[in-house]
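Heads up, the next two complexes both have subunit A, just with different partners, subunit B and then subunit C.
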Partner chain A sequence: MRLSRGALAAAAVGLVLLAFALAPSLFSPHPPYRADPDALLAPPGGGHPFGTDQLGRDVLARVIHGAGTSLAMGFGATALALAAGLVLGLAAALGGAPVREALMRAMDVLLSCPGLLLALVAVALIGPGTTGATLAVAVAATPEYARLVCAQVRTVRTSGYVEAGTALGQSRPALVLRHVLPNALGPVLVLATLGVGTAILYGAALSFLGLGPNPPAAEWGAQLSDGRDFLESAWWVAFFPGLAITLTVVVVNVVGRDLRRRYLR
Partner chain B sequence: MTLLDVAGLTVDFGTGEAAVRGVSFHLDPGECLAIVGESGSGKSVTARALLGLSGGEVAADRLHLDGRDLRTLNERAWRDVRGRRIGFVLQDALQALDPLRRIGREVAEPLLVHRTVPRGEVAGRVRRLLADVGIPDPERRAREHPHQLSGGLRQRALIASALACGPELIIADEPTTALDVTVQAQVLDLLAGLRAAGTAVVLISHDLAVVARLADRIAVMRDGTIVEQGPAERILTDPGDPYTKALLAAVPEGTAPPATPGPPVLQARSITKRFGDRTALGDVSFDLHAGETLGLVGESGSGKTTLARIALGLLPADSGEVTLTGEPWSALPERLRRPHRHRIQPVPQDPAGAFDPRHTVARILTEALAVAGTPRADRRDRAADLLRQVGLGPEHLGRRPRQLSGGQRQRVAIARALASDPAVLVCDEPTSALDVSVQAEILALLGRLQAEHGLAMLFITHDLAVVRQVAHRVMVLKDGDVVESGPAAEVLASPEHPYTRTLLAAAPRLPVR
Partner chain C sequence: MKRRPAPRRPGAARRVARRVAGMAAVLAGAGTLAFAALRLIPGDPAATLLGGAPATPETLARLNAELGLDRPLAVQYLAFLGRAVTGDLGWSFQHGAPVTTVLGQEIGPTVRLTLTACALAVAGAVAVALLTAGRRASRALAGAVELVASSTPTFWLGIVLLTLFSFHAEGIWLPALTLAIPVGAVLAQVLREGLEDALTQPFALTARARGLGEWRVRWAHALRHALVPALTILGWTAGHLLAGAVVVESVFARPGVGRVAVEAVLAKDLPVVVGAVLLASVVYVVVNTLVDLGHLLVDARLREA
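Presenting the complex of A and B:
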C-alpha cells in the first residue's frame, strides 16, 4: 500500500526533525548558548530568523538544538513505558488469576489519575532533570500499555493456532515467543506511535514547570516556559518552540494513524 | 399470476467478471423456489439484488414484482418495498438482531416504519406475530433481548419481523445454517406453513437436503449463472447438468467401509466436567481402537467439544481418567504430558483460525516437524511430502493461510496433524465450515489416511449424514450424557433412545434415487 499524501508530508517533516536531533550543529545558524547582549529579545529577521530570547540567544538555534532532548524524552519515555507495559501485561496475562487481578487492579488505580498528575508525583519521587522527567513520563504511560498487552495476550492465547501449538507439544515459552507475542504486538505498537506524541507533550509540560532539563540546556518545553513572561512583547520566544512541539505531535499522530489503518483493519 | 418475474439479471461489482450473469426465474404466490449453490456462486448476491441491496451495478431485462417494475425504483420507493412487499430473513439471527433492542421492538420496527397498523395496535400485532411463528410465551419474550433467546427462537423472531407487514414474498438466505437439526426442522416447517398460506418463498441454501424439504422448484447456481432449473423432484432425482450431479453425489451418503479395529489407543473412564453450576459432561466413558472412527453426535451444548478438549489434554476433567495407548494421559502434569502430545492431534473446525496468520505453510509444517523431532535438514522435504499426502503440491509451501481456499486450509491442518505421526486424530466438526463438494473431498482424504496409517479418529459432528458416512461406532451425547452408543449402522438404522430418533427424524435427507 502507498503512503497517503498527508503521511508523506508528515514523514518528510519528521525526517527534518530527526536530522535536527541527530546533528543540530549542521543546521543551526548559531551556537545555542551564545548570548548576544546587543540583541535581547530581537524580533525575527536579519541574522536571527526566529528572533532572540531574553538573554539574546538565537531562538532558531535553540529550537534546533532542543529537538534532540525533546524527542529523546518523548521516544525514550514511550520505549520505557512499552517495555514495562510488556513485562507487566505478559505477567498479568500468563501468571494466573491472582497475579492478573493484583496487577490489573493496580493499573486501574494508576489509570484513574490524570497522566500528568501521575508524572508529577513520579518526578517528585525520582527527582527532576532530563532522566527524571523521562522516567516520570514513562511511569505515567505504562498502565495503558500493560492493560492493552494483557488483553491482547489473553485473546491470542485462546486462538486456534496457540491451541494447535499446545497440542503439538510446544513448550510455553516457545509458544509465547513465536506466536503469542508477535500476534499480540500489532495494536500495542500502534498505540505506542500515538503515545509518543503524548509523551513529548508531557515531557515539555514537566520542563515548562521547571522539572525537566536544567537551564541553560535547550529543550522546547523549557523554552516555552521562558517565553511565557514575554508573550505580549516578544511572542517569538514561546511561539517557535510551541510550533515545534505541535508539528512533532502532528507528525507522529499522522504516521501513527497511517500505521493503524494498515495493521488494525 | 406471476408474483416475481426476473429475466437476464446481472450484478456487476466492477471487479472483472460480473458476480451474477443472466439469471432468470419466476415465482407464483404460494410457491417456494430454492436457489442452491456453493460459496461464491452468486446466490446471496441474487437475493440481495431482489431487494435493491446488492451494492453492485444491477441490470435486468425484466425485474417485476406483482407487475411493478423494480428497475425504476429510487431509494425511497425501494424502502417502501422492503419489509412491506418483500420480507428478508438472514442467516445469523444473533448478528441480524440489534443486541441492545428488545425482541418486541425489533418485530415492531417494520410496522412502525410502514405504518401498516395504527400505533395503538402495534403491541398486540407483535404478540400475535411472535405466537404465529411458534414462540411460546410471546408476552415475556417480547420484553427480552436477543442474547436471552436460544438460536431457534432468535431465528423465529427474525422471521416474525420479516412477516410483520404481511409481505407476499419472503427471501430467506441460509435461514437454518447456524441451527441445530431439530431446530432447523422447526424453522423449515414454519416456512412451509407460510408457503401453504400463500406467501411465496425464495430459499437460498448451500444444502440440497435442506431445500428438498421445502422447495417446489430448484435453481442451481454456479459462478454467477443458473446451470439448471426445474421442479424440485426432477432436479433431486434426475439432474441433467453435470454440476448438479456432482453436488448431489457430494451429499454424504452411504456408510463407512468396515474396519478391523486394533488395540484400544484412547480410553476414557467416567469423565465429568462442570462449568460453574452447569454440567458439561456427566460420566462419559469410551474406548477408541486403532484404525477405527468413533462418531460423537449431539446438538450445540451437548458437551461434544468439551469431551474433545479433555481427550486432547487441553482441558482438565473434574473426575475420571483418559489413557493414551494404555499409559496415563489426563492424569499427567503438563510437563510429563508434553513429550507425548504428538501421539494425539486435533483437526479443527475453523482452519482459518488454527494457523498463525503471519506464517507460511512451510513454516507451519516445519514448526510441527521440529516439535516432533525431525532433523532440520529433512524438514523441508518432509513438509512437501506431507502436502503430497493431503493432495496439495509443493507450490503451496510459500503461501500464507489467507491465500488458501477453505478446503486447502483444512488439508494443511490435516498435514500438520500428521507431521508428528499421531495414533489418534480428534476431528471437531472438520467439515462444517466447508462447501459440500469440498466436504466430500476432505472426508475421503480422512478415510484414506485412516486406512494408510491405521489412525484412530474421534469424529465430532452435528451432521448425521456425515457420521453415517465416516463412523464405525457412534456415541450420541445430550446435555453431557451419553444417551446411546453402538455400531454406527445399528444406532442409525434402529435407534433406541427417543432423542436419537428425534435427531434422525429431523435430519434433512434427499429423496431416494
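Presenting the complex of A and C:
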C-alpha cells in the first residue's frame, strides 16, 4: 500500500493518536482524574502545558486519555455499521428481488433522515452513555454501507470469475465467501475509512450534547461541553479537546481520501 | 452526467411524477418508522405519557382507552399516519402541549438560521471556487483550508468563533457562519472540481477564442456546468444544515427546533424528538426531490423527451 506524502504524514500523526488511545498513561503528564484544588482553571504553561479545568484536572492528561474513548466510539460505530451493512447488503443482493426491494426501500427511509438526527432518535431509544451513543452512530451509518454492499455484490456477481466458479461447480456459499465478498469489499472498506471520521464527529457531537459517556469520563466532546461554561475566563478547557477532534478527523480524512483516489477512480 | 442508452426516455412530466411518488413513499416510510420508534418505548405507553407520575391501573386503562392505545396496532398505526398527515404529531408531556405547537413556536429561528447559513455557504463557495479553480498555489491553499474546515466539529467551531469575536452572540451572523463554514468547504471543493473540469471543455476554449476575458468565461460559461455536481451535493447540504442546527443552537443557546429536540432527548420526551426529526426528514426529502427536479432546469440534456 503506497501512500502520498501528505497521507504518510497523516498516518504518522494517526499512529501517535493510536498510541495515546492504547497506552495513555505512558504519555500523560498527570492522571486524568486527579483534581488539584490549588490550580483551578490554570492557564497553559509550567506543569500544565494545556492548562487545567474547573476542577484543577490537567487538560493535556484528559485529552490524551480521551483519545481512547473517542477513537473507540468512532471505530466501534464504524465496525458495527459495516457488519450490519454487510449482512443487510448481502441479504438484499442475494435474496432475490422482493427481499432487495424491501430492504433497500427501508434503507431509503432511514437515509431520508440526516445522519446526526437519526443518531439522535436512536440514542433517545437506546439510552445515552458510551455504548448508547456508539450504537446510535452505528445505526445512522448502517444504511449507506448496506446500499453500497448490495450494489457492489450485484456488480461482482455477474463478473467472469464468478461465472467460471459456478461452471466449475462451486457451492453458492463458497462462491460468495471466496469470490464475491473479497472483490466487493474493497470500495466498501475504503469508504469506511472516511466513515470513521464522520463517526468520530457524530460521537463527539452526541457527547457534547450530553448524550455520550458520563462524567467524569475523559472524552473530547464531553470535555468541550464542560469548557463551554468557562470560555471567557479559560478558553483552553474547550479549545484543546476540540483541536484534538479536528486533528483526528483531518488525519482520517486525508488517509481516506488518498485511499479513495488510489483505488476508486 | 452520463447519457442513458435507453432508446425512449421518459419525458419531463413523467420524470417529475415518478420522483414525487417516490418522495411520498419515502415519507410514508418515515412515518412508519416514527410510529415504530414511539411504540418502542418500553413499558405502558400511557404510563410513559404521564412521565412517571403515579397513577392507578384504572387511570392508566382510561388514558389508554382515551388515546386509542387499547385498539389493535394496525388501527393505531393508520390513525397515527392519518393524524401525522394533518399535522398532529402527538402530545409532549414535558411541555404539556401538542408536539406541533411546541415545534411551531421554535421553527422560525431555525428557518432563519439555516437559510442564512445556506446563503453564506453558497456565496462563499462560489467565490472561493471562481477565484481558485485551475490556479495551482491558491487551490492548494484553499484545499488545505477546506479539508480542515470540513473536518472541524461544528460545536468547536462555534466556540472558537465566539471566543474570537469576544462573545457578540446576539445576532444571527456568528451562528450562521458556524453552520456555513463546514458545509461551504465541501461545496467549494465540489464546485472547483466542476469548474476545472468545465474549463478544459471545448466550449471554454471556444469562448476564449471569441476573445472573452478569463472572468467572463468562468462566470458566464463554466460556472453553469459546475453547478450540476454541486446541485447534487446541495441535497446533502440541506441535511447537514438541519443536523448542524441542532448543535449550533445548543452552542449559541439560540431558540429553535434543534435545541428543543436535544432537550427532549435529555427529558425522554420521545414524541417531541420523533416529531422534530420527522419534520427535518420531510424538509430533507422535499429538498432532495426539488434538487433532483432542479437538474432538469440546469441540465438541458435531461429535459428532452
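By definition in this document, the second predicted complex is superposed on the first by the 262 of 265 C-alpha atoms of A that agree within 3 Å, B and C clash if a C-alpha of one lies under 4 Å from a C-alpha of the other, contacts with A are read in each partner's own complex, and residues count from 1 in each chain.
Definition applied: contacts are C-beta pairs under 8 Å (C-beta built on N, C-alpha and C of every residue); 3 or more make two chains touch, one makes a residue touch a chain.
Keep in mind that this is a model prediction, so the values were computed, not measured.
Trainee: Quick check for you: in the superposed arrangement, does A:G242 touch first (subunit B), second (subunit C), both or neither?
Mentor: second
Trainee: Looking at the overlay, what does A:G197 touch: subunit B (first), subunit C (second), both, or neither?
Mentor: Once the two structures are laid over each other on A, A:G197 reaches subunit C alone.
Trainee: On the A-aligned overlay, A:N253 touches which partner chain: subunit B = first, subunit C = second, or both, or neither?
Mentor: second
Trainee: In the superposed arrangement, which partner chain does A:G169 touch: subunit B (first), subunit C (second), both, or neither?
Mentor: First partner only.
Trainee: Give one of first, second, both or neither to describe whether A:L26 is in contact with subunit B, with subunit C, with both, or with none.
Mentor: A:L26: touches no partner chain.
Trainee: Counting residues of subunit A in contact, which comes out ahead: subunit B or subunit C?
Mentor: C
Trainee: Would you check which partner chain A:A124 touches, where first means subunit B only, second means subunit C only, and both and neither mean what they say?
Mentor: second
Trainee: Check whether A:N183 is in contact with subunit B, with subunit C, with both or with neither, and answer first, second, both or neither.
Mentor: After superposition on chain A, A:N183 lies in contact with subunit B alone.
Trainee: Quick one: which bits of subunit A touch subunit C in the complex? Just the residue numbers, please.
Mentor: 105-106, 108-110, 112-118, 120-121, 123-125, 128, 197, 201, 204-205, 208-211, 221, 224-225, 227-228, 231-232, 235, 238-239, 241-243, 245-246, 249-250, 253-254
Trainee: Inside the complex, what are the residues of subunit B that reach subunit A?
Mentor: Result: residues 312-314, 338-342, 344-346, 348, 350-351, 353-358, 367-368, 371-372, 413, 416, 419-420 of subunit B touch subunit A.
Trainee: Using the touch rule from the top, collect the residues of subunit A that touch subunit B in their complex.
Mentor: My answer: residues 159-161, 163-171, 178-179, 182-183.
Trainee: Which part of subunit C faces subunit A closely enough to touch in the complex?
Mentor: 25-27, 29-30, 32-33, 37, 40-41, 147-148, 150-156, 159-160, 162-163, 167, 239-240, 242-244, 246-247, 250-251, 261-262, 264-266, 268, 270, 273-274, 276-277, 280-281, 284-285
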